[in-house]
Each structure stands twice: as C-alpha cells, then as structure tokens.
C-alpha cells in the first residue's frame, strides 16, 4: 500500500543497504581505484588482468564481475587515508600522496604505468626562467605554492629553512609565472608543461609511481591477504605482457644450437621436433624491444616462418 | 557522342543495373544488417568472422569483400518484413521486431551480443513512480504509449482487457512522466533510463535478443542454405572467441596429471613433450572468466612460463 | 519517521502531484513544443518572444518562467493527437502531421521558420534516378515506403490506384536506392538529400510549414483564448524582427522630402527636428533585404550618420 | 655574441621584467579574474562593460586593452588571500571563498550572475537518501567530507559539536553515496546533482554569490579607488542590461496619457512630438520580463510600430 | 524517353549551363571569397553588410541572395590571378598574395580584419633560436624555405644575395627547427607560433592585410564599377560598426553644453528637446573604446538613463 | 652567473646542438616520415615493426626509442628533395612526389598501404560532367589546375600539346566545377570525391604508392645500408601480418593427409604429434581472406578445436 508509493527509488535505497549487509557476511575485498588521470588506464589494466569494472554514469558504485570484490572510485589524494582508516582494504594510488598523508599502510607492489611517458613521475621545485634563484637555499623567506603541502613543509623543515608554503587549488605553474608565488612544487613527467610556462627546475623533491597498497587489518585476514596477492600477481602479469611478445619459428636441425644461443630467455623456449622433418619448432617470449634486432639475425642464421604475436598476460 | 554527355552519373546508374543483373545470374545471398544501435557491433562481428563490410557515406550499398554476398542496411524494425517478402534472403535483427511484424521467417541462430550490458533486452510495462497502478489488471481503460503496438495489443487481448494503445514516435518514457500516457511499453537492458525518468516497472512483456533469420525460399535453395549456415558458424565462432582465451604453459613431468586435472576443458588441451627435457608444453583454450582464478592455482602447482593470448575465432 | 525514509525522491513525486493540482485551480495553458529538428529553433523563438524555456537534462518538464504556462515536449508527429484529446491546449507542430493524424484542431497561425533553408517544406514522391517511372500513374501496383502513411494512402485512393504503402522507420531514401521500395514519399526542403541519394522527384504531394494549433475546448475558455492569441502575436513579432532592421539617419531640411519618398514604409518613419539645426532625425524600420540597395541611394541624396541596428520584436 | 645566444627567450624574460617595472611607475590596477566555472562569464561581462580580455593559450598574463589594468587569472578559492596580501588590488570571486579564507578585504559590489540558474549558490549539508540522519544534531561524531573545511568547522564549533571534517579533493557527493563519509557539505544551485546522487539536503549552511572585492591598501590610493568604482559601475551597467530592453512606439495624441500610465518606469520615458503629425514617439527601457504582458496591452490602447531592441549597458 | 534516363544529374548539369548563360545576358558581378582561415570571417562580414552567402556542402557554387552577384570560393593565393585573367571581376584576398603573383589588379579598399589579433599580418625572416645568424646579410649562400617564393626572391635579388629558396608545402617552421632549412620566411600576427618553435625573427619582409581588389576590365564597365563601390561602402560600414556603439541619454537643460563638450563626435549627436520637460534627449555614436571612460564622466555631470546599444552598420 | 640567466631555454638550445653532434660521432640514420594523410598510418606501421615514434606537440623532433635513428616529419611532397640533397638518409613518401621532384634517389621497397581503400592511388585528368571534352587531345589550349605541375607538364610536352598548367593550392576539384579551370589533374583512390563534384575522369596519368626511398650516399655506407634493409624487412613483415592469421587445430591421424592437402601454405605448417593420442596438432599461417572458406571445410573433414589468432609480424 502506502509503502509501495515510494516506488523504484526506495527499492534502490534498499539495494544499497542489502549490498552493504552482504559485504558483512561474505568475504568481500574493498578496493579503491584512482579517479582522474589514472582512472582509465587502471580500469584497462584490471580488464586485462581478468576483472571487468564498469563505471556507472553517476559513479555510484562501479560494477565489477567478481562477487568477492567491491570497487570504489576515490581521488588518489585521499586513497591512503581511507585505507588507513579501514574504510577500504586496498587501493591503487601514487606513492606521493601516501607520503603526503603520512598514512600507515603497506605497499604491496609497485605498478609502473603512467599517464604520458615512460619516465617516472617527479615532484620538482621550479622558478620563473628569469628568477635570480638557482639553489634551494635561496628560497629562504620566499612564497611557494603547491598541492603537496606536507611533503614540501618537511623538506624545508629538515633544512631549517623558513618558507611561506600555501596550498594551490590547481594551475600551479601560472602562479610562478604571474609572480603570485616565488617558486612552485609541482609534479611532472617530461617537464614539458613546466618549460612551456617558461619555468626552470632547480631541484627534484621526490620521485613517485603508482602502487598497490593495503591496510594492516586487511593483511591480517588470511582470505583478504591471499586475494590481494592474487590481484597483485595478475596485475603484474598483465603489465609485463605489455612489453613482451611471443616469437615462433621453424629452425633447421643443423642451425638449432646457434639459434638457441642468441635467443634471449625471459622463460625457456619451448622446443618441439617437427613431424617427419629435420626441423624444430621453437617458441619463446621475449622483450618487444629486442625483436627488431633479433629478427634480422634469426633470418640470417636460417630461421623460417618467423611469426610474432601479442600476449595478454605473462606470469 | 550525345550519349556520352550524361557522364559519370549515367555510368553510375549502369553500375547499379549491372550489379542487379549479376545477382540474377550468379549465386548471391542478400543479407540485411541492422541500422542503428546494433550496426557498429554487427559490422565488427562480421569483420571478425571474415567479411569486411564498408559503409559508403550515403549508405547506398555497403561494400563487402565477398562476391557471393550482397549487403543491405535496414532498420531492425523492418528487417523481417523484407525477408518474408523475399526482398532479402537473410538478416540480423531482434526477435522482438520479428514478432511485432508477425513475419513467417526461420530463426537460424540466436546471436547474443548487445549494445550496453550483458543482460538480455526486455520489453517492460512501466508507470510513473507515483502512479497508484501496480498490477497489469489496473491498466484496464488506460492510455499506453509504445513502439511495439502489435505485441502489446496481443498481450492485452489475451487478457480480455481494453487498453488505448498508441504508437510512440520515440522518447516514450517522457510521455509517462508528463502524463500524456498512463503507462508505457518500452525496451530496456538495465532499467537505467526508466529509473532515471522516475518510472517503475510493473511487468515484463517479453525478452528479446539478436537473431540471424532467413526466409523459407532461401533455405530451399541448397547453395543459399549452405552459405547461410557457414555464415552462422563463423559468426558464432567469432562471438565465442570474445569470451575465450588461449593459455600456454610449461609443466614439469611429475606435476603433469595434477595440472591436467584442474584445467577446464573447452576443447582438449594440446600436450607435447619438450625436446630433451622432463617437461611438457600444455596449451588449452578456456573461458576468459576462469583465468583469474586458474593462474594462481597453476602457479602454485608448478606451472611455469604461463602466457595468455587472445583469439579471433573458436570453432 | 518512517515517512521520512522515502527521502528526496518522494518529495519529488509530491512536487509532480502538487504541480498538477495547481494546474487545476489556477489558469494554466498547456502548450506543446516540438521535439527534434524544430526544438532548438522553437525554444529560441519563445525566448525572443519573452518566455525562457529551460530543458531539464531528462526532459521531464521543461521549466518556463511564466506560471500561466505549462510546457510539454512532444514529437511533432504526435502533437495534434494530444491537442485533439485535450491533453494539451495548444502546440507548435507541422501542418503535415496534423493532416496525417486527421486531427480536429484549430490553426491559430502559420509560423514560417524552418530548419535549413527559407524554402517551404515539401513532401514529394521520388524514385531511383534510373527508374523507368516518371509519372504518378506508373506507380500502380508498386511498393512505396514512407513515414506519412495516411496522407499517402488518401492520395492514391483519390486516384483509384492500388499501391503497397508501408511505414518506414527512417532512412527512407535508402529503401528506394537499394530496391526495397519502388518509390518513397519523403519530406525535403532543398532536395539535397534526395539528389545525393541519386533519386528523382516525380511529384509533389503537399507543402507544409510550422503552425500554432489549439483545441476547440481551449478556445472556448476566454482566458485561454486570449493567452493563445497573445502568444501568437509575440511569436509573430519576434519572427518579423528577424527580417527587419532599424535605420536612423540625419537628413538636411532641403532633401527631406526626397529622402522620405524612397524610404520603404513597414511602419511610418519617426521624424523629429534636430535642436537648433536645419536637419531632421529620421528613423524607420525596413526589410533587412532592402538595406544594401537603400543605403547607397540615401548617401547620394545627402543623408548622414546612417546607422543600422537589430530588433528583437516588431509588432 | 654570447649574449645573443639566449635569443628570443631572453627577450621574452625581459618583457616580463619591463612590464613589471612599468606597473611600478604608472598607475596600474591589478585585478583578479576567477579561473574555472565563472571564467568565461566573467570575461564576457568585462567585454560587455568595455574591456577586452584575451586569454593567452598558456594563461601567462591575459592581455587587456587598458594600460591601466593588469589582469591575473586565479582560482576563486585563492583570490581573497592574494588581495589581502596586496599581491592583487581587487578581484572577482565568490563570497564563500572569502569567508573560508577569513580574509580581511572590502566588498565593493555584489555581482549576481552565475553558472547555471538564476538561483543563489548555496552550501548545504547532505546525507544519503537512506540515512537515518535528518537533523544537524545527529551529525555529532560523524565523518563529513567538504571542500569548505574552515566554514564547516566554525559551524559545528558554534554548536559545540564534535565532527570529523576532512578535505575533499572533489567528487564530494560520491563519498556520501559510497559510505566513505556520513555527510557532505557541498555547493549547489538547483540541487540537481545532489538529487541525482540520491542524497538528501538536511540543512543550508550559507548562501553565496559573486563579488567584486578589493584590498584596504588599494582603497587608500585615490586613483585606484576611483578606478575600482568605475569598473564596478560599468560591470553593474552591463549586468543590468541583460534583463532590460528598449521599447519604442508611436502613440496617438489622444491616447498618450493612458499609455504613459501603464509604462513601467525604470527611467523616465523619452517623449518627442512627431514632425507635423498628431502623434508622439515614446521610448522607454523596461524589464525584459514585462514585455510579453505589456505589448498586448499597448497594442490594444492604440500604440503602433512597436519595436524592441537589446541594450549593452543601462547606467 | 532515353533522354530521361540521365535523370536528376543531367538536369543538374543543365542548371550550371543555364546559370552561366544568365551571367552573360544579365549584369552579374563575379566575386571571389577567400577559402581557408579568412573564409568564415568574410562570410560573416558579407552577412552583416547585407548579403547572405550559403556554402553548399561540396562548395560547388556558394548561394548568395543577390541575383546580381556570383560568388566563387578561391584560395587567397590564387585569387589575384583569376581576377587579372578576367575569370573573376573582384575578390577579397591578402595584399601579400597579390604581390607574390605580381598581378596587375586594382586595390579598391583595405579591409582591416583578420584571424586572430588586431595586429597586422607580417611576413618575417626567422632562424633557429641557437643559430649564429642575426642579420639578413649572413643569409648569403643559405637555404630558405617559404610559401612566398617570388617576394622572397625579389627581396634577396635587390640585395644582390645568393640564397637557395625552396617552396614549402606547409609546416614551414618545422624545417628551421629540424635543420632542413637555415631560415624561413613565414607569416605571423603575434609571433606566437614562431616563438613556440624556438625560432627568432631577424627581419620583417613586408606587412599585409586583407583587400578588396578588382580587375581593370571590371572597372571599365560602369555598372560593375558602381556595384563594386557599393559593396565596398557596405563592407566598410559593417566593419566600422564593430568598433562603434550608440549611446543615448537624457540631459538636464543646465548641464547641456557641458555634456556636449565632452561627447566625442564620430557624427554629430542627435539632440531633441523632451516633451514638456526641461531635459534634452541626446543620442550619439562613439568608439566602443571610449565608452568605459566616458560613462563615469557623463554620470558625474548629470546625465541620466544612459543606455548603450550595438550597431550593424555605420555609414 | 650571467650565463645562468638564459635558463631552461638555453639548455634546450644546447640539447639540439649536442644531439646534432652525437649524430656526427655515432652511426645514426636520418629517416623522414610523411606528414599529413599518411602520418598516422606510418607511425602505426613503425610501432608494429618495433619502433615507437612519439610526436611532440610542436613537431620539433619526434622521439624514437632507437638511438640509431633520427626521425624527421616532412611533407611527402618535399621528402625526395631532402633525401637527394643528403639532408636525410631515407624516407617514406609517395612515388608520385619523387617523380614530380625528379629526384635522383633509390627505391628500396614498395609499401602498399594507403589512406582509404585497398585500391592504388591514381592521378587522373578530370573535366566537368557537362564538358564536351572527352579525350586528352581536346585539352589543347585549355587551362589545367593541379598540384602536380611538373609531371603534368611532361605529359603534355611528350604529346606536343600546348596547355596552360597552373599550380593549385588545394581544393582543385572546385576549380573545374566553377569554371576557373577547364580540367584538373588530381589524385584519387575511389573517385568518390571526383564524382561527388560532378566531374568525369577522361584519362589516368599515373599510378602511385607509398615507397621507402634512400639516397645514394646512404647506401654507400655499409652500416646505413644494413640498417635501411633491416627496417625494410620489418616494415614488410608488419604489413604482411595485417593480412595473415594463425590457425591451429587438432586433427585425427586418419584424416591428417586430407587436411594437409587443403591447407594453403604461406609457410609450411608446423605439425606435432599429440602426447599419447592418435591426433596431430597442426598450426599454420594463412591469408585472413581464406579463413571463412577454409574453416567450414576443415570442420567437415574432422578438424577440432580450431582457433584463429592475430599476428604482429610475418617474416
């Protein structure tokens, strides 16, 4: 009757309540995915690893095709706080933000993938190109603008320097350019944006990369610990497959040893004798990087029917 | 001379005439591809299956790289009528529209792929969230708006109910919201759009999915029948490959039986003894879904060099 | 308490109920705006006329800044049916769809604005460029595809012709091109799309344009009748202002009559004698079209300080 | 020689130094424009008021066509701090962020324009739709996520409540939905986003709007004070013109008084007797809102040649 | 019959033939519009001046709503050649390309509007930032890449210098950067692109701007000459209106002279005595640029009801 | 000190100088990539072949992950000139432009990949559909517009014809349509654009395709020669892999010969006897084109577990 009036929306609210209750009974791992520049790459990595995460348009709860997982989308800046407080069991975030939050969490695995380049993410101190400042020491008494207030403060405290550090709500480079700050502490991979603003790097504060982190509580639960480790293994397997390809070729008996010698061995090559022929089928996985040098050599020694194909996972 | 004046356009017209004549002499199967939300996915499925269909900008006749095929783009709503009338031999369309048209055609194969989710397409009756209507019976004497007029009419006729059903030119949900209709019959996968309009589902009329259908005449022609069946086999093979991957690993002799036991068998694994080593190379295809659970187990038992790769077809 | 649980969504439902009740007490005119190709132009026309209509993202109820109006978004194809049935009081739609629905409604005003060109909208019969058909009579026994089934049926019934007319779900041109129909009845302004498909027009069925229509019931209510007429006046005033500009100039006394003679008079020009100078200030509104010819003439006769500015409404 | 090597870039650096030096000699007002959602509207408002601000692609220093102005683009969140510290003289920002920063600055003018609706910007406390929390008091001991940490803290301190408030890096609604926070303090105009997330507003913390603010130092400089006031006058004049239009008509002598009576008077109408005719030309500026009601009345009384046109400024 | 087969396309060809014949009988002016970066601005300028030019999707013949005009779209680089050869009567193009083509045509009017900035277009010689070259003389024996081959060749010939000039197919800056050329001659307004490539300007070859040019033959035809001059007048009138606005205010009798004194006079202000009031209505057109300074002054002296509105043309 | 002032920009200039010096000491091959319509496809082909080329936003120097390569982006029209002059060692460009430039370079390899279709690129002579011209001979004394001036001139010189050929800056088809040229020489794959402009092809001047070309000097350097050949081998291997797939199946001993017979042999199939089973594992690479016909046959003969997968390279 009356209860019915609340309609679909009430049942939606019930869905949330029920799904939360289920988490309490069943074994469910709560894992955080970083919102923003790493979001797409992270979801793609999980897909390659075996988990399909589907973002709802309103970002309520991303769906995942594993009843043992509950996925949350969080800002990387806030991730380690939620894990430390036990609201999440594990999550993917940047090492920099875990340090900024001074969170007491466990690093499970470094996952080196990033937004733009293959270079590591770095937090640097930069000043306008025409600034007389060239050393960290000259920043004493100056104004610095940054999103990484705590790490920056520690850095100058250790040096017994007095610097006026204020939180930047974004577009940090512009502040150094326009004179609203004397220097900035900003994150960069290639320094392209920094240079495009006419700024000059005078110091590197720290390097960072993506990490899988977990809470102490979660790791004390043996089921959760194993689940986290399985995820880590498959994420790494998928990341590795990005840089590795399979190579297959037929090799004449008499050149077999010669060819085996030059084959780099990520794992031992799989060798089988061909049926009724004095040839071997040789199959191996090698770094994609080496292929362009290896194939001309293999060809010269006598390999034939060389084919290369892509891999999804290499464990 | 004068004839020449009509220029390229005349020769274009001739091309059409000639191509039609060719269809009469040679064996050509006329097949319909659904325009609209399934169009892209269908063309991609055909490409994976072995046929490249290239849409012309004006959608005249999509080109296909098989002289035995003639491809037409039709609204899924009209497909079964053209097949029943013999204008097309076969086509891809939704089960719902074949029923709506009450067409006498043959279902060759259910092809389960869809637009958004993995859930089946459903036609449901929905009312405004605040409507007092909660059962089908309460719809007697009410106004219903739908694109599926015939199926809806049959549904209420069977129940001896008198309902004012009118054809909706789209945006059907809005009619229930604004009070222009008391209820709607609308298609949905996840109910997201229905809920977003504040509507409530009170009944499911039918489920639907994509199908390959053909005309009786076409199936009486043995060449056409075989062509249709070959297409069906390859479409299914390509669809299956979406959910299946190949897994390859090296296994020590002594753990061989143990590992074989836990390998799920879509088809029997291919086993070969490695050259001069006490190891086996094992290769199998398994559901992509199982990989994330299987790999950690295989690793524990002793499998090495596990690699996974994607497939185009699994027949 | 319990009631409170249903939260914001319940109160949303209440809002709808309340707003409907208000319509019953207060004088409110329910007016339909055409969804689709005319939607944007219609909303812009209303804005210019004095009513801001704001589309909600989900198209529930567009908001309008006039408590005496209740705006609905409907397909133009369905508009006249809702007005005839009294679900709406008035609406903007095409003359063609009112005829197709054979609705008994009152035409208040022709509003000539359209999507692309300044040419009228026309429904034409078209055949493939290489078809032997050149006259309407040759269509006897043929297949015709169209969205305008009823008007087309009447057309051929009047001629005692037997034609197989079937409803087209869109992309109608493609059916004539691909041979799924022998001819089509389709709407066009410039024939560009028809020609681009290689089709040839053999007959014009009817011309159409946008209209403001109303129900008989609404016009019997004197408040509603006046409101509808006021809207009509302001819509026309805004449409007229699109093609008319204001021209202002200073004219020496001695050339005054000469200049007045060549000024076209949409309304009589406003003439004022300048303070302490032998000059007149002359201001008039004229068709934008005439300006480019008029200004060089005015200049030659001696007008100075000629300025032109745009108008929002000309009543 | 060597000096020359630094090339164009060095001269660019010099440009900056020189332009700064110029600011010291000449009278220049440093004014901040808010980056982000208000940026485009603010630049458009300045353009309408008489200043063209051109954003450079890298946002170094937006160019402005007034040598007495120096324009900076700042986050609205940081604006009041820069003004308080004297780095800027004046700026456009939200009242909310000035309060959050507890900055000691002077409010020159409220400028009511905003992003979406005509409704004021409000900071509200919201909880999940299914939360048992319905009053502010029930938030004691709970977790709140917000971008407005200081204002929120003061609010609860005044009530002697103990609440765990943490800074949100954005997507604040999602935190309440996913249970990472018990409540949020978030900004909204129409509550559309809040409702779309299934949240429920339980309290309004404060209302906000855009303001022109200035520093105490700047206002002590009489040149700067006058410049700031001139800018304020023109910004208000341009804002006012958005809602006001000019109406011009010819009125017969005998109905003159009648018509004058119903004309609303933003400023007194300009009346002139037409040359050699028993008519008056009447011109007035009125709220755009009133036009749709006024024109039908004027028409009935006998006004003719009514035209309406838009204004850029109304002072 | 047979003739009919060629269908719509033949009639299209006929349309072209007919329209060409019409040009021969009637007085028609063939005018060229520059394709590319100036295209949109030029079409907008013509629209403001009184001619609506509608681009067809295939750019055959743009339609224009003046039977006395025939509009062609040409590359600005080729325009002067077509005019010199009499294929066109007049056209809009850059002074630079007329010089490059060494065409014997008549400049009717300089039309100063451009793509990006208000600065003139300049052709400059630029070298890499780290090049030792700083003077024109040092370019002797070097490689120069440019789109403006002839003008560049003349420039160096006059200086008796031997330079290897080759035609650049675009992306000219990149050639200096990558060392494929020692210097480039390139067009620029703000030098932004040049600086962004790290290049340094060492010399300015010439300045350029948009021009209306015509052929000698066309100017000998009195009808064409007048038509060209009328177009020139209206284009200039529309350009002028971009920078000029109308200002209207009521002024008390006693301050009248004072106010008239500070009013800048593009054209003499229109003054009228208000009906039965000791006030004057003053109306004037002034440079938009002056408004922001003038309004505060007028206000102080006692002007009231100051309104500003935009103009379409000022002749 | 002073040196330091030049900041990041100076060090950028140094980077260029250093990188150039490195090219002089180390063995580095300078290779040109065609800018424009082939750019994306060429970079993708290099990536598949083993070289990742990353375009910088300003196109300075694309980065490549091989210290032995230096990549330049050039217009295909200019490529052969830079190679002939020794500024580049090798490059990818169209055969047409090498001919147009009459460059003395060596063709290493034809690389058949293109923009749109699988058809070869052709330069054709086209005239308006309604032109009386139908043969090359009729072009004597006519105006031709083309981007390929030299090749076109040679063509007519060989025929002793006098034709007025002028360089077209693009949009060449429009010139024939609008009568600014009597004919055009233009490049096309499918003639779609030519037909869409209503033009008619009367002759084919030449066919073209993409090529890897190199300078004589580079080929005299044995290191460069080998590097160029290795690149050619891998580019071809990657191109081949686009049209070839791997097929793997299990075959019962008794049908083995039958199946081997119908397997097309790009390279000999790899056959291995399955462990302890009367089956063979057969693996082969075949043209993707044949798969759709082959699989139904294989299935009928008794092959099982047929899988198909994609390849990156086939050497």
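Order as written gives the chain letters A, B, C, D, E and F; numbering starts at 1 within each chain.
What we mean here is this: a contact is a pair of C-beta atoms (placed from the backbone, for glycine too) under 8 Å apart; a residue touches a chain by one contact, two chains touch by 3 or more.
Chains and their UniProt names: A, B, C, D, E, F = ATP phosphoribosyltransferase.
Here the structure is a predicted model, which is why all the values come from computation and not from measurement.
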Request  = Could you tell me which chain lies farthest from subunit A when each chain's centre is the average position of its Cα atoms?
outcome  = C
Query = What chain lies farthest away from subunit D once each centre is taken as the mean of the Cα atoms?
reply = F
Remark   = Cα centroid separation, subunit D vs subunit F, in Å, comes to 55
Query = What is the distance, in whole Å, between the centres of subunit A and subunit F, each centre taken as the mean of its C-alpha atoms?
reply = 36
Note = Here the gap between subunit A and subunit D, centre to centre from mean Cα coordinates and rounded to Å, is 40
Key: subunit D: positions in contact with at least two other chains   = 5, 7, 9, 12-13, 129-130, 198, 272-273, 309-310
Request  = Provide the residue numbers of subunit E that touch subunit C in the complex, in ascending order.
outcome  = 4-5, 7-9, 12, 49-51, 57, 65-66, 230, 233-234, 237, 241, 246, 267-268, 270-273, 280, 285, 309-315
Footprint of subunit D on subunit A - complex, ascending = 9, 12-14, 16-17, 20, 35, 58-61, 72-75, 77-78, 81-82, 87, 128-130, 166, 168-171, 174, 177-180, 196-198
Note = Listed in rising order, subunit B residues that touch subunit A in their complex are 129-130, 134, 192, 195, 198-201, 245, 248, 250, 272-276, 281, 288-289, 291-292, 295-296, 299, 304-310
